[in-house]
Amino acid sequence: MPLGYLLRRLTVFLLIVWVAASVNFFIPRLSGADPVRERLLQMAAVGGTGTGTVEEVVKSYQAKFGLDKPLWQQYLFYLADMVRFDFGVSITRFPNSVAGMILDALPWTLVLVTVATLMAFAIGSLFGALVAWPRAPRFVHVLAPPLLTLSAIPYYLLGLILVYFLAFTWRIFPLGGGYKVGTQPSWSWAFIQDAAYHSILPALSIILSGVGFWALSMRGMMVTTQGEDYVTFAEAKGLRPRRIFLRYALRNAILPQTTALALALGHVVSGAVLVEIVFGYPGVGNLLYQAIRTFDYPIIYGVTFMVIVAIGLATLILDLLLPVLDPRITYHRT
Amino acid sequence: MSDTSVRLGKTEVGAVGGRGDGTEVVLDVRDLRVSYVTPRGPIRAVNGVSFALRRGEAFGLVGESGSGKSTIALSLMQLIKPPGRIEGGQALLDGTDILALSEEEMQRVRLAEIALITQGAMNSLNPVMRIREQIIDAWKDHGEPVNGREAEERIHHLLRWVGLQPEVARMYPHELSGGMKQRAVIAIAISLRPKVIIADEPTSALDVVVQRQIMQTLRRIQRDLGAAVILIGHDMGLMAQFVDRLGVMYAGKLVEVSPIREMFRDPIHPYSQLLIASLPSLAKKGQFLGIPGLPPSLLDPPLGCPFHPRCPYAMERCRVEVPALELKRPNRLVACHLYEREEGQA
Amino acid sequence: MTAVPLSLEQAQDRIGRVLRGLRTYPMLSAGLMLILLVLLISLIGPLFVPREGVQVGSAPPDQRPSREYLLGTDTVGRQILAIIIYGTPLTLQIGLIAGAIGLGVGMIFGFVAGYYGGALDHLFRGAADVFLTVPGLLILVVIATTFKGAVSVMTQALVVSALAWMYPTRTIRSQVLSMRERGYVQLAKLSGMSGPEIIVKELMPNLLPYLAASFVSAVSAAILASIGLEALGLGPQNEPTLGMTIYWSLYYTSVLRNLWWWWSPPIVMIVIIFVGLFLISAGLDQVANPRLRRAA
């Protein structure tokens, strides 16, 4: 892989990280007020049991961000903190570090989103390719309209419907959570089984409403690909239909689809965050939800930053995989 | 109508040719009809075409775009896609009607017996596969061995045959020049030694010098193989260099089939005459005259001879009666009412 | 065009042409029907259902659907039917405003990037790509929690529009790029038309189906973002938008308490809106790109 390509992709990744960090720094300052400080003062005013703690938080907060320094210095300090994943401490659960809380929640989200997204992508792409293929079995065309309709429903609303029927009414799956109440996360086989069981419904809502989306764009790509000369020539070569479908049509149509996956990740994760809330799933979505309800800003900013970085990383991985799939890429892309 | 055409195919079309008279007919196309179904009615893209091909012969098909040349190529491979449909006719390849074969049977015939070099061959190679894989792919589905020394040697030999270095086998299409890609396509097309090769505008995207080289290569391979070639195109100069006999297509029909020299020296059908006259020759350099008028709509073709609206010699009879492709002079088939049928031949 | 009164035949002819158009594009017409249905509900509904129903305590809590409360009531005594009738137009309004802003910005960026190319292209395309990669909802959360307080429908629309421009930018840019080299654009250039003039007079009319499709998907994306934010509780607190209804039904755990009449009507409306918008945009794609028509 040429160095130039690698450097370009890395630059994009760093750009994403920088945007993520800057959003968190500038948006609050654009509002004129400092929401974190306001929130702290508000808590101090309410007083009650934790007055002493609040003062501690205020002190650590002021020292950390150097609020007496000029803006550009604050910005640089801030960027340095972000790069070291130092998001400060939680306001409502002082002195828990935000990074630690995110680290506890992130694996849940990562596994759920990665598995569900890849499955939706694979099933949807294959399905869409079949829809566009003249020799496809009949059931493909029967299934297409309902799947496309499902794709118009946001993940979490589909999740709500699934919970009502499959968990609440028929009691096939648990109502929510990441694992059985009363157990502690561990690497035991029983726990992993339990966690997988709890993740089926959240994953299903992401997959079901994602399949239609991928199917639709894949169908468009396949229609284009089938008009290509190399498919006609492959037919003239007397290849078996299955080989033409897999190695010529689908193999080429999947390339732009992979680029689309990189672009859709942000959208997918947004949806997954809301799915977690519906299911009370112990990932970053739920952490964010709790933080929003208590206006725990360090957590909101921390989660936003970490999720964006994770997506940037995933995009980077996809970008580095792309040349393996498409030998032309290092020549064509600029 | 179709009865007479089939008889024509046997008695006249099949037995008349240029060089190589008397040799065995390898492909005998009889009354081929192909339509495209559209909401406004069927478009008869190929409307009763018959011709015969001898072993080792190079046969050219020329005509304006939309005259049905490429449709003939695709239908001989049974690769016409809906809304297109082969309505009728036969194509006897060594006596077997390949238009009547099932899809599975036809799949084995493609490449092994009859190969197609597609139009726009620049994009005929799969961009994500190495050349070697694209050669081998075809062998796999034709039950040929693809592993071991022998297969490697075959690939190398094949590439050298078309004038490529053996290293090309490991390359991707985007690493090759246009001419090299075209040679790779030819290598694939001849890899199973087909009896008939159809080349549909094989050099259209290449520059003139490369065009010439490719055509020379194709010619050499054709001789080595003893295969018959159908060359489709609209470049008369290329035809003059390459083919033995030339068929002129107009509105889905063959209007003249003549040995190439006679065609250039003395075209008989008015359309052929205009076509030859429109060529820029050395004497009147740069003057491309073109042919007045527009090709007819195939959706609603004119009655009688399809060419009569543009024909300078059109008579009353031309407006009502479709002329049959008949022997008008020795070795020359023409579909025109202006000429009397040649009797006593063949 | 001057207003010449249509004769009966002319009118019939026109209606006939529209009907034929609808038959040629079944997806487009089905989508238009669905959206029309939603608009009808929100236009005619207020004639029969008084607005008081959306107020807290206007009815006894947790009532099943009955003759008195057609779609039942929620835990704080609001009537679901009234919420749907008065909330749906609010959600549509947010989507339309944000979609229009998104399309407007996207058009400027897309046309400039596609037509002028060079550094501007790199800048706008790069920005669009980076912001497309970033999960929009989270950025909107940061914005919304920062500017918390009394969010109105209008501010909600403005917040959502902050991330509604990327998709239109991308599509329009790539379309302009493919059109820039066509004959009539070259001709216009040679005849001395200025860049903005060419964009407005030559490119825009030819891109109309794409612009329409872009607008529809921008609206759809804006509604999606807006109900997503609202489902997190970050919407107009005092307005009965569809997303806020979802939020409250989640907040009061309506699923676990079997208050199905509370959470299902907003979902049904949202699904109708999304399916309708999706069909319209897919139908417009068919209009713009006949190649897809064949494979449909």
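Each chain gets a letter, A, B and C, in the order it is written, and its residues are counted from 1.
Just so it is clear, contacts are C-beta pairs under 8 Å (C-beta built on N, C-alpha and C of every residue); 3 or more make two chains touch, one makes a residue touch a chain.
Treat the numbers as computed from the prediction; the structure is a model and nothing was measured.
Per-pair tallies of C-beta contacts place A-C first. Relative to the C-alpha centre of chain C, the farthest chain centre belongs to B. Note: centroid distance chain A to chain C, computed from Cα atoms, is 23 Å.
Between the Cα centres of chain B and chain C there is a gap of 53 Å. Chain B has its Cα centroid 55 Å from the Cα centroid of chain A. Put simply, chain C touches chain A in their complex at residues 126, 129-139, 141-143, 145-148, 224-225, 227-228, 231-234, 246, 250, 255-256, 258, 260, 263, 267, 270-271, 274-275, 278, 282, 291-292, 294-295. Per the touch definition, chain A reaches chain C in the complex via residues 12, 15-16, 19-20, 23-24, 27-28, 30-31, 35, 132, 148-149, 151-154, 156-157, 160-161, 163-164, 168, 175, 216, 219-220, 223-224, 227, 262-263, 265-267, 269-271, 273-274, 277-278, 288-289, 292-293, 295, 297, 300-301, 303-304, 307-308, 311-312, 315.
Those residues of chain A that touch chain B in the shared complex are 134, 228-230, 232-240, 243, 247-248, 251-252, 255, 325-328, 331. Against chain A, in their complex, chain B makes its touches with residues 77, 79, 81-82, 107-112, 115-116, 118-129, 137-138, 140-142, 172, 174, 185, 188-189.
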